[in-house]
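Take this structure first; my questions come after.
Going in written order, the chains are labelled A, B, C, D, E and F, and every chain counts its residues from 1.
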Amino acid sequence: MQLHLCAWPEVETYLKRSKGIVIPIGSTEQHGPNGLLGTDALCPEIIAREAGEEAGFLVGPTFNVGCAQHHLAFPGTITLRPSTMMAAMEDWIDSLVRHGFRQIYFLNGHGGNIGTIQATFAESYAPWSFDADPCPYTLKFRNWWELPGVMDVCKQLFPTGDGSHATASEVAVTYYGYPQAVKDVSMSPKIAPEGDFTDAADYRRNFPDGRIGSDPSQATPEKGAKIVAAAKKALIKEAQAFFGAKG
Amino acid sequence: MQLHLCAWPEVETYLKRSKGIVIPIGSTEQHGPNGLLGTDALCPEIIAREAGEEAGFLVGPTFNVGCAQHHLAFPGTITLRPSTMMAAMEDWIDSLVRHGFRQIYFLNGHGGNIGTIQATFAESYAPWSFDADPCPYTLKFRNWWELPGVMDVCKQLFPTGDGSHATASEVAVTYYGYPQAVKDVSMSPKIAPEGDFTDAADYRRNFPDGRIGSDPSQATPEKGAKIVAAAKKALIKEAQAFFGAKG
Amino acid sequence: MQLHLCAWPEVETYLKRSKGIVIPIGSTEQHGPNGLLGTDALCPEIIAREAGEEAGFLVGPTFNVGCAQHHLAFPGTITLRPSTMMAAMEDWIDSLVRHGFRQIYFLNGHGGNIGTIQATFAESYAPWSFDADPCPYTLKFRNWWELPGVMDVCKQLFPTGDGSHATASEVAVTYYGYPQAVKDVSMSPKIAPEGDFTDAADYRRNFPDGRIGSDPSQATPEKGAKIVAAAKKALIKEAQAFFGAKG
Amino acid sequence: MQLHLCAWPEVETYLKRSKGIVIPIGSTEQHGPNGLLGTDALCPEIIAREAGEEAGFLVGPTFNVGCAQHHLAFPGTITLRPSTMMAAMEDWIDSLVRHGFRQIYFLNGHGGNIGTIQATFAESYAPWSFDADPCPYTLKFRNWWELPGVMDVCKQLFPTGDGSHATASEVAVTYYGYPQAVKDVSMSPKIAPEGDFTDAADYRRNFPDGRIGSDPSQATPEKGAKIVAAAKKALIKEAQAFFGAKG
Amino acid sequence: MQLHLCAWPEVETYLKRSKGIVIPIGSTEQHGPNGLLGTDALCPEIIAREAGEEAGFLVGPTFNVGCAQHHLAFPGTITLRPSTMMAAMEDWIDSLVRHGFRQIYFLNGHGGNIGTIQATFAESYAPWSFDADPCPYTLKFRNWWELPGVMDVCKQLFPTGDGSHATASEVAVTYYGYPQAVKDVSMSPKIAPEGDFTDAADYRRNFPDGRIGSDPSQATPEKGAKIVAAAKKALIKEAQAFFGAKG
Amino acid sequence: MQLHLCAWPEVETYLKRSKGIVIPIGSTEQHGPNGLLGTDALCPEIIAREAGEEAGFLVGPTFNVGCAQHHLAFPGTITLRPSTMMAAMEDWIDSLVRHGFRQIYFLNGHGGNIGTIQATFAESYAPWSFDADPCPYTLKFRNWWELPGVMDVCKQLFPTGDGSHATASEVAVTYYGYPQAVKDVSMSPKIAPEGDFTDAADYRRNFPDGRIGSDPSQATPEKGAKIVAAAKKALIKEAQAFFGAKG
């Protein structure tokens, strides 16, 4: 079930059997010469929707712009300041809690969001902690590539050059979801360098085409299908355990 | 062209010929018994993407959650506080301006966003006005149903019961875009009442099933197609004029 | 009754018979060569005070600086950022609600405030909507020139050149209130151009003396008196209906 | 000169001979059984306008609502949160600096504003201090009752019972400015108690009719005239020295 | 008792006999050629800890960075913006109130903090005042040099050149606390000039070595000991009265 | 060198040879029955000061209150909301950058700070990324227990029961630094349970005495000395590499 394709009475009915929801959360940022700007939002969206369809849990709208200041030197990147992202996530959470959702699971597609997601959870719990009232809801996030079993599939598909940004894996997942957007671009060097970065200028100086450690020209829709299958299976298991735990 | 399906070099190339972009902006909120929670985000998204495809302009990711506090008494509604929405829109704008975009056109799908969009534009221009530097970019928004010619089509299709919330027109547009989500629900009363509201409790008390003045059971994908065709045509004309005006 | 000229026991007594208050809200911004910088604050203040005197309702202090970033290229203009205005209006509202006021009616004198006022109302209602408690108060605003019957008088007095900024009508209202401040300035061109604007630099480039579409040299105290009479009558009727509706 | 009664070209001309402006700043809060809710805004407004008229300097609009949370238990009090007041004052300052004002003098009418005014000044200077650019403007505030010579007059007029809130002096100043608002109320006890307070409930518990240490039934318009005369003279001297110092 | 050296059960036990706590609050900012950057935080910390040890009350961690924008032209100065300091102080207060503390006494070491501390107290009380609930806690601050009897000792020790920034007294207190940090620096001029300042550039222009009106080369650990003894005694008396008053 | 014990000319001199500084950052929160409330601030402070003394680099004041909302059910805990912590850290960073510091190294003592520190770094870099100016400074943080070699020592000293909160290691470090604060408390159970938590109520329900997975009764000053020695050595190496890298 996708929340944005439901009418409100369908959500009302759903809440009678489950208090859980999955929110795909990502970023709109450069993903190298052949990766989609939407990669980090599309990956968790694709996985969550397939899982929700199969397992019958609700998937919310995608939080599609995240923390990507370090990618701003590449056209098309859109970022929130971390403080803005915290405010927006809090409003989403408060809205869902208003309706009775009690387990909110963010399936995250972007490493750069992690700190801000953690800070948001603490910000959201803080008023309850100050007031000494038990908080009625539980927040959880998971990076899709850390779902049990997923990295094994990725390593098998891409023994070298999976990398850490614009990875072959994530590009493959989006190619699976959007085969019409597959881009045939030759990479130079074949595998991009590794390293650190600070702001946008520093990032582009170190990583001229945007990739870090990856050769995403290896990505294909078929490989993406395998990753999605593994991720979907793991997500269903984990989400059901989470939803059931305090349901 | 959809920004989230482009790689960054494609956006870099685009910026050489145009500084304009269309951002669909809407809301995730109840739309009555047969309308989708995503209606207000999906309508401008559907129209903008078709128009961008035909005319070759860039369409950004959809700003899919807006100002919907008054719908929170209906499950599934997600809202931003207006102050949060302003911060988020400013970050989107600042990101796009960073890349050289100079005409940013928000195609809006939600009446409840209008005040906040206007406030955001003033907030975005204010630093330039304080500093006496000319602002290099222009912001514009348009409610899709006010695009020239669209209301004529809607009135023709729905002589009665188009209404002002959960309108037959907007439901039809989403049914055109998502025929798998068409819902067959009988309406009672046939046409919902009209009136005012303040907060969420007041809204639900006045409008028990969420509709205002509408009979959206009239909506069909076919009627939606006609509305989208009219809107697409008008959007292309207006966006091209806007992008060209200061390009 | 003017709140700032009452002692607190008088307000306490008033609250026993009415929960309604009118707050004049405007702007301090250029109004062309012969219009007062205070025009947008003075117009609703003049009208509200006369109406309050006649009908016996309470008129609060004037919110005299609003959203005027686009006028900052003209000396004397003072603006709040929209986000600041929202915070300040919320504090006024919270203060009034604390005392038991339940219908708060903002009589607005500035088109540029409208979006921010709407956003503020949504921001003010939002905590109630999130908490599922019915909000105990109702907020309303009205642009004074849209009070029933007022535009008819204005059009009759100024068949041409009333315009949309530094209008003959609003200048006339302030000349009625402050005859000592009448300024005799010749206009060139007689009627100012019409058009759009973004930030302050853009505004002044397009409208060099600050007027839009108007010839305010037509304004006189006598004409202002007629407008105020019409507005006062309409405001009394509308405010009484509003205060009574939920009183 | 009163800014809100000038047209913008008059301010432009003024700025050629002076970069200084006086802003009356006060509060809207209870002032005991016979004092006006507007007392703290009206006192500096009355004094500043008379002084500006005589000496030819510009007087801005009155910042009429300040920090009065501790008076909220008395109907009619309106307060800003200190953080809101800081944001609003900063916007006023930024607007005036935009036009070329370089000495901004706040004539304050409310002791409860002092801390927030000081904090605002530091907040306004901070960006310059962080950036190592010299700040081009100077901010100053003065409580009107601390203008040289004023307290002498007050003590002479009210040897006992001038007090520290709802003082005989401040009530007299407003009675001078608004003789139509003089209120004949007997005080019990004759002189109110002295003491401390925290929030609004604590204040009203300690000071049931709102006064602290005062017997404002001694106030008359005639006595107010003497105070205003002394304050006007001192303000002119101090403002001219301030405006000239860095002009 | 120092809170940061206690385990939580010790604080739990303490709260059974007292609801009071002392928080040293200061600044990290230049204090002239021989004064420590930590002077304004160390002085109240030294005094409060000795007093807490002797009298058995709890002393919290030191709020060690305050409002020092005007000192930023001297290396080593660290400042909070006033608005940040308010938010941080509020969080400290809310935390302590959560545990049952009811009298929170800030022992302040920096004149530049005063306005912001006052604003914070009003900001902290405001929600209670808006809600009409009595606030359960009381906030108080005291500048250590204004504790009864302290200035007498300082004047006796430093008949001339105690000054108003980088005073001989405060440097002596830190030398007493940190004799290993005594610095032998000759002052030129012997006594620094007096005067006003705005931002950091203005401050350093007026006071090239950072001192205002002082000759801190007179400071010795022995003199510091005398000041601390006087301050400790006064603090114990005042804190006990405060803690007992509403205990 | 400890910044708060330096006079400003000493910092000015230091900046001629190094642009690097270490800031200890921690938390004030319960650490079980025998751990100090200041543990997470004291550990990095102790290590950084010893390292700075030996290697000659500057150590700033300790950021002593962090993100500890989940510990608020235990008396003595003080927390900042994550958003407050971000604002405060930004002000510290901006102050240091103002003076010419270019490598700012936060030595962190609290796992709960990690997300917020990461978010702060992104927030600090964001304006540079939006403006396309290269950011002149680099931010880095390191949890002291993850300094190379430290965990090996800890595991050797505490083969079982080091745990994840109120660890034997961290308690030992503070006992080394503050032997007068060693507390002899028996633990029950000997080793605390492991698990997750959300808000403060949830934490205390799951971990009644505050520990997670640890038996800190094993801590002694002597063991702490060994950990500090290892951490000091590793910190010197890492800080020098960092300061030198872009010095």
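Convention: contacts are C-beta pairs under 8 Å (C-beta built on N, C-alpha and C of every residue); 3 or more make two chains touch, one makes a residue touch a chain.
If you're wondering where the values come from, they're calculated on a predicted model, not measured in any experiment.
> With a step meaning a move to a chain it touches, how many steps does the shortest path from chain B to chain D take?
1
> For A-F, which listed pair, D-E, B-D or C-D, repeats its interface with over half of the contact pairs the same?
D-E
> Would you mind pulling out the distance in Å between where the CA atoms of chain D average out and where those of chain F do?
Roughly 47 Å, centre to centre.
> Could you put a whole-Å number on the gap between the CA centroids of chain B and chain C?
Here chain B and chain C have centroids separated by 30 Å.
> So how far apart, in whole Å, are chain A and chain B when each is placed at the average of its C-alpha atoms?
Going by mean C-alpha positions, chain A sits 24 Å from chain B.
> Among all residues of chain F, which ones touch two or more of the remaining chains?
Chain F, residues with two or more chain partners: 72, 79, 81, 83, 95, 98, 129-130, 132.
> Using the definition of touching given at the top, classify the network of chains in this structure as line, ring, star, complete or other.
Its topology fits none of the listed shapes; call it other.
> Let me make sure I understand the interfaces: which chain pairs count as touching?
A-B, A-C, A-E, A-F, B-C, B-D, B-F, C-D, C-E, D-E, D-F, E-F
> For chain E, which residues count as touching chain A in their complex?
It comes out as residues 94-95, 98.
> Show which residues of chain D lie in contact with chain E when the two form their complex.
Going by the criterion above, the answer is residues 67, 69-70, 72-73, 79, 81-83, 86, 112, 114-123, 125-126, 128-130, 132-135, 138-139, 198-202.
> With touch defined as at the start, can you tell me which chain B residues reach chain D in the complex?
129-132
> Can you tell me which positions in chain C touch chain D when the two form their complex?
3-12, 15, 28, 30-38, 41-42, 60-62, 64-65, 72, 74-81, 83-84, 87-88, 90-92, 95-96, 98-100, 178, 180-181, 183, 185, 210
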